Every structure is written in C-alpha cells, then in structure tokens.
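Shared between the two complexes below is chain A, which has chain B as its partner in the first and chain C in the second.
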Partner chain A sequence: MQIPELKSQYVWAILMIFCYIIPGIMPLNTSFPNSSTTTNIYNLIEALPDGSTVVIGGSGVFAFDLESSSGTIPCIQQMARKHIKILNVPLAVEAVQFEKYLIDASRIETKYGGEYLYGRDWIQFPYLAGSPGSLVAFLNDIQKTCPTDVYGTPLSQLELGKDLKDYTDITLWICPHWDFPTIVQYVTGERKIPSISFAQSGAYAQYGPYMTAYPGQVFMTNGFVGGAQYERLNGIKGLGHAVIDGNQIMSILFVAFFVLGNITWLSKRTGGNKK
Partner chain B sequence: MISMDFWVWVSALLTICSFSLLYGDNILFRFAEYTFISVVIGHAVVTGLQTLYPMFYPLINGTQPILIFPLILGIMALFVAWRKYAWLASLPFAVIVGVGTGLSMRAVITTDIVGSMRALISETGKIFVGQPGDQIGYLIRVVFCIGAMFYFLFTIFVKGRGSVTVGWIRTFGKYVLLIYLGIGLGNSAMQYSGLATSAVNRLLRLWLGFG
Partner chain C sequence: MLEGSGKKTKDVWPLQLYGLILIFAWIIMGTSVGMYSDTYQTIFLSTKITLHIAILGQIIFFYISGAYRTFRLKSLRTAALALSAVLIIIMNSPWMQNTWVGAGDFSYWLLNNPQTGGARAVVITGAIGAVVLGIRILLGLEKGPTKVTEGG
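Coming up: the complex of A and B.
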C-alpha cells in the first residue's frame, strides 16, 4: 500500500493551527520539567555579593535571539533586584541593539530593579570590532579598550565606569549570543571567570560539552524551555511561558511527522520493488 | 483590542509577508526579505560608523596617539573594493588573521583539547560511582566519545589481525556521529519552531490583542 505524499503547505497549515494559533489564543498551560542547571544558575546569581559587576556580552545574534532573551530577561531582573552592576559588551554590530533591547525588555529601570540608573548601575559599551583580539584587550584593560560608552561619554564621567580596570573587576560573564565558545576560551578558560549562556536550542547540543569540561564554571540553559524554567524560578510569566505550549505540541508533531515520513518512504520503496 | 500603533502594524504585516513563504515563493515574501536585509545592512553600517568616535576618542583628545596605526590600517582595508590598489588591504587583513590565529591557538588548546580530555577522564571515573542511572549516562558518553574519536583517527583501513574489530568500532563511531547530527538537527528544528511561535504570539497578542 502506498501512502499519498503530503503537500508541504498542508504540513505547515497543521503546524500553524495546532502549534501556534490555538495555543496563542487559548493557552494550554502545559507543564515542563525543572532543570538542575537552570536552578544552579539562579542560585549562582543569588549568591553573588550585592554590587558585583556582571558582563552581558558576546557576538552573533540570530533574529533578535528571542530564545536567549527568554532566559536573559528574568536573569537581568534578578540581578537588578540584587543591585548587581551590568556592563553590556557587544562584540558584533547587531549585539549593540540586542543588548539594549534586553535591558529595555527587562523593565529594570522602571519596575523590576526600581531606580536602576544608566551610568550608575549599568553601562552600554560600543561595538568592539575585531573579536577575539578586542575581547582579550577589553579583559586586560577596560579603560584603554573602551574609553567611552556607546553614547560617547567618557568612562571617567560615569559612576560605574570610572573605577573599572580589567577582568578582575568582573564577577561573571553572561553570553546571550551565539558565539559562546569565544567567551569560554578567553573568559573562563584563561581567566577563570564563570560564564553563563542562555543558549538557543541549536547551540545547546553543540556547546553543551563545555559544561562537562568546566564543571561549576560554565552553565547553559536550553532555548525557550530553559527560559521558562528561569522565569518560574524568578516568579514571573514571560516570553518562555508564552511559547512553551507551542513548543510542547511541536515536539509531539515532530515525532508524528518523522514516523509518517518514514512510513511513506518505506511504502514507496516497497512499491518500487514490486514494479 | 487591535493595536493602533503604526510600527506594530508594520511589524505584523512584514511578519505575515515572511510567513507567506510557507505557501510558496511570492512577491510579498521577497519584499519582506529585501526589507529585512537592507535594514540589517543599514544598521550595521551606521553602528560601525558610530563606533569610530568612541574607539578613536583617545586619539582625538591626544591621550593615545598610537591609535593612528589602527586608523591607517582600517583605511587601508577599504582599498579591497578598488581592484587596482587592493594589494594595500593585504596588510590589515594579514594582521587580523595573524592576531586571531595566534590568540585562538592558545585558547583552543586550553579549552577545547585539554578541557575535553579532562572532561572525558573525569567522566570515566564517574562510571563507577553514584546512582545507576547516572553511571549508565556517563558510560554512554565515554563510549560514544571513544567511538567518535576512533572514526576520525582510523581513517586508514587497518589490515591483518584486529582489522575486523577496528572496523566495527569505526562503524559504531559513524553511527555516533549520525546520532550527534540528529540531535543537532532536532534542536535546530526546535529553535526555528520557537522563533515562529514567538512571532505568531507577538501577532496575536501585540497586534490583535488576544490574551
């Protein structure tokens, strides 16, 4: 028996209706598991002394990286609550806009951090061209590598910027970008600063082994599920929760499509042999 | 309630134009695609130009005159677009490649080679301790790692005694790599699915006012 081939338009129509539109209009509130790694990241941030300096930086942004945003936004809110200072260090042109977006979307200046001020609590650095050379230069001498912020204000005129010297002032590095290996290599590997990646699902399988190579120093969450886990720990419902229904249904449909595709292929092969 | 924000409407219409590719290639998708590419390029150029001032601020105020050299190298790199004088761009590109390679060689050996070996040794030790579930997990990871390494190391076919065993392990290593690629593909599929979910979610909530 041969199964008729399914047109791709039909497959997409099914996915659109069942994965995106129905859960979007009527949230199903599907459950998702906890992850010990996500909990460890949350606890690591909680254990940071008040007033520590954390860098959010890296290179490679994929379509506004909504996956990594889902984890980074609740993490920024948690850091703002603890009065942790944030330095945004973009190593790619598109990263400047993305990192600013993360701060805006976190609403820490108005709501979650409260009185979280630019220049005193966080700084947006300009795009540092020439990574990894520029990253190494930044870690060795912040003032010389980045004499001003993105708006052209000298660091000496910013309360948070004037005392920054080098990597010894950085407690933790958060990478919401694709190029996490560069951060692991130069920040964690060479300078022993712990690093966290709110990784996209596609990057998780690829970069996961770094967590094994640097246990207790390198941490990664996995896509929207990781983001939703972090939101739950932080007691909010954000982007991660909003898309988790669609993701769960998609996981089931993927398996169904794989099985259906293989059956179709097998049935065609059998039919071909008979001919 | 439907949004009255002009930019939300622009975003929504461009999102719908992008999704129209699912039905087939069409002019609406092309319009959204070209708009996106041109905006990205425009943004990159503007950000790059804006970066020049903060980066060369110490040169302007005279505290770091040495920055004249990177500025000259940067200008030389622009000659790549002018065929007659493209050779001038070779020097800055050589500096970029040289510095990048030098830095990477040091870091990659520490993190990727030594780090991975350390992880493998550590996980081998964990096979014999802890919960049975964890032990099986570590065993699979170590065996898979050795299998994959075998596949790459024994690219020359071994003849004589032991050749059959080596062949089996190499074949096993090939399947390990296929499993890895499958996991990567599955995760990538979930990534694109997640992006599509969030895009549709934005349409429903921000534009149409559901939820």
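Coming up: the complex of A and C.
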C-alpha cells in the first residue's frame, strides 16, 4: 500500500494548530529542566558587589531579538535589584535600538515604576562603528572613544559617565548579540572580564565551545529555553515561558514528520517494486 | 522597489505609493523626534519589528516541512545528515531533558566535539580555498566573475 505524500497545506495547518493556536489559547505550561550554566549565571550576577558597572553590548543583531531578550530582560531586572550600573555599548547599527528596548522592556526606569534614572544608573552609548577596533578603543579609553552618549550629552555631564575611564571600571560584559566571539576574544581573553551571552539557540550551537575554552569566565544560555530557565530563577514568566509549549510540540512534530516522511518514502519504494 | 516586483508598473502603483509614503514618513519622524526617542522606538516596534518577527515565525513551517520531505534515509550520507539533525533536536528538547537528565550534557558534548570538529574543518578548508583562489587570480589562472558571465 502506498501512502500518499502530504500536501504542504496540511503540514502547515497541523503546525499552526499545534504550535501556535493550542498553546496560544490554552497554555499547556509544560515543564522544562534547569541548567547548571543558567544557574551559574544567575549566581554570578547575585555575587556582584552592589553598584558594580556592567556593559550590555556587542554586534551582529537585528533590532528587538526576542530570543536573546528572553534571558536578558530578567537579568536586567535582577541587576536593578542590586543597583548595578548599566552601560549599553552598541557595536552595530540596530544594536542601539535593541539595547534601549531591553531597558524599556525590563521596566526598571522611574517612568515605569522602577528606580533607575538615565545618566545616573544607565547610559546608552552611540553606535561605535569599526568593531573590533572600536571595541578595543572603548576598552582602553572610554572618554576619548565615546565623549558623548547617544543623545549627544557629554559624558562629563552624566553622573555615571563622568568617572568612567577604561575596562578596569567594567565588572562584567553581557552580550545579547550574535557576535559573541569578538567579546570573548577582546573582553574576556585579553582583559579577563567575565562575559555572558544570552544566546539565540543558533549562536549557542556555534559558540558553546567557548565555555569549555574559558571555564568560569564565559557563560551562555541556550535560546528561549535558557531564557525561560532564567525567568524561573528570577521568579517571573516572560518571553521564554511563552515559547516553551510551542518549542516542546515543535520538537515532537519534527520527529513525527521525519518518521512519517520516511514511511511514505518506504511505502512508495515497496509499492514500486511490487509493480 | 519600482522595478523589482516583476509586474507591470500600472499594476503595482498602489504598492509603490505605499512604499514612498512609508519612506518619507519614517524620514520625517526620524529627523523630527529622533531615532532613539520613545515615540520612534514604539512605532518601530509596533510595525517593522512585529512584521519581522511574524516572518521569522514562519521558519518553523519550512523547518518541519523540510524534515518531512528531505530527511529521507535513502543512502548512508542522507541518513547521517538526517539522523544527526533528529538527534540534536531530540537532545535539546525540554521533554527529553526532563526524561533523561544526561540529555543536556550529551547535547553539549555533541556541540563541543563532533560539531566543533566539523565546523573547524569547514572554516579551515574555506580559508585554504580562499588563499588558493587568490593565488590563482594573481597568476591569471582563474576566470573572473565577469568572464564567467560573459561565457569567455
């Protein structure tokens, strides 16, 4: 007996129903395991001295990357509880908007009921063209490389900006962008500043081995699942939790369609021989 | 924008007009309120990015459809490719990591060893190929892209 090939429309309909509509209407709240790496990142942030300065920056991004946002947003909220100062350092054009979005979505500013004030608790630097050269210049001399913030205000007029000198003022580098290797090389490898990437699962697959190369210094979370793990540690439900149901069902459907495709192919082959 | 649609100009003029209005609207807004203002950020997020994410969300359909149509165990090579993909998908899925505690570590081992070895081989091979190509071009042994398209 030959099994007919499924039309694309049916594959799309099944996915639409099981991955989007059902989890959207009736969240299944499927469980997911903890990761020791995600927990280590959380503990690393908890162990930072209050008032430390952390950079969020890098290159290789399209604006508003939700996969890396799922981990970065709860991390920013955690840092806000410890009054950690945040410097947003974009090394790509759309990174400026993405980093500003991360602060907005974290709701840590006074205009959203938080305690953070621009200039006092966080600064958005302008796009630094020419990375990695501009990154090295920034690390070596912040004032000369970035004399103003993104709005053109001189650093000397910003409470947080006036005392910044160089990389010795930076406790930790968080990279929610794709180009994590540049950060690992120049920030962690050369200047021994620990780095964290709230990575897209594709980036995690490529750059995960850096964690082995720099044990205890380089950390990565794995896509939406890593983001959901971080949200759980932080006691919130956000972008990561919203995707977990669809992620689970998709991975089951992937295997199911793989098996069905091969059964279909085998049935045709067997049917053809009989003929 | 004006010529790329492949349709006759008279058929696509509403889209062209829409595109022109959008371009000028964004230029005016960016120069008046600033690219990094809350207003610009909100409108950008509500329009371009929402569409962008919707398009990205479609990848899953191609992904599963690809698993159904192309990952067929017709030969040793296709079986190796298909089974590797399935293995990575299963080992990274939360339900498998819930079922078998070692799945996450095994998945990371796969990424850290066989995957890294293969990826480095591709990078090194590409780099050697680029050097060889450069030498061949310098020696005049390689056709340039224009000669290829000209059929020379």
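Please note the rule applied: the second predicted complex is superposed on the first by the 257 of 275 C-alpha atoms of A that agree within 3 Å, B and C clash if a C-alpha of one lies under 4 Å from a C-alpha of the other, contacts with A are read in each partner's own complex, and residues count from 1 in each chain.
Convention: a contact is a pair of C-beta atoms (placed from the backbone, for glycine too) under 8 Å apart; a residue touches a chain by one contact, two chains touch by 3 or more.
None of the values given here were measured: they were computed from a predicted structure.
In the superposed model, A:21 lies in contact with chain B only, and not with chain C. Contacts of A:110 after superposition: neither chain B nor chain C is touched. Of the two partner chains placed around the shared chain by superposition, chain B and chain C are both touched by A:97. Look at A:270: by the touch rule set out above, it reaches neither chain B nor chain C.
Once chain A of one complex is fitted onto chain A of the other, the partner contacts of A:130 are limited to chain B, with no touch recorded for chain C. Once the two complexes are laid over each other on the shared chain, residue contacts for A:148 go to chain B alone; chain C is not touched.
Of the two partner chains placed by the overlay, chain B and chain C both lie in contact with A:212. One of chain B and chain C touches more residues of chain A, and that partner is B. Of the two partner chains, chain B is the only one touched by A:184; chain C is not. Within the superposed three-chain model, A:157 lies out of touch with both chain B and chain C [touch as defined at top]. Residues 8, 12, 15, 19-20, 63, 66, 96-97, 150, 201, 204-206, 209, 212, 222, 247, 250-251, 254 of chain A lie at the contact with chain B in one complex and at the contact with chain C in the other. Remark: chain A residues 8-9, 12, 15-16, 19-21, 23-25, 27, 63, 66-67, 93-94, 96-97, 126-127, 129-130, 132-133, 136, 144, 146-150, 152, 154, 181, 184-186, 188-190, 200-202, 204-206, 209-210, 212-215, 222-224, 239, 242-243, 246-247, 250-251, 254 touch chain B in the complex.
Residue ranges of chain C in contact with chain A, taken from their complex: 34-36, 38, 41, 44-45, 49, 52-53, 57, 60-61, 63-65, 67-69, 71-74, 82, 86, 88-90, 92-98, 101, 104, 108, 111-112, 115-116, 119.
Put simply, chain A touches chain C in their complex at residues 6, 8, 11-12, 15, 19-20, 30-33, 35, 62-64, 66, 96-97, 100-101, 104, 124, 150-151, 201, 204-206, 208-209, 212, 222, 225, 244, 247-248, 250-255, 257-258, 260-262, 265. By the touch criterion stated above, chain B contacts chain A in their complex at residues 19, 22-24, 40, 43-44, 47-48, 50-51, 53-55, 57-58, 63-64, 96, 99-100, 103-104, 106-108, 110-112, 115-116, 118-119, 122-123, 141, 180, 183-184, 186-191, 193-198, 200-201, 203-205, 210-211.
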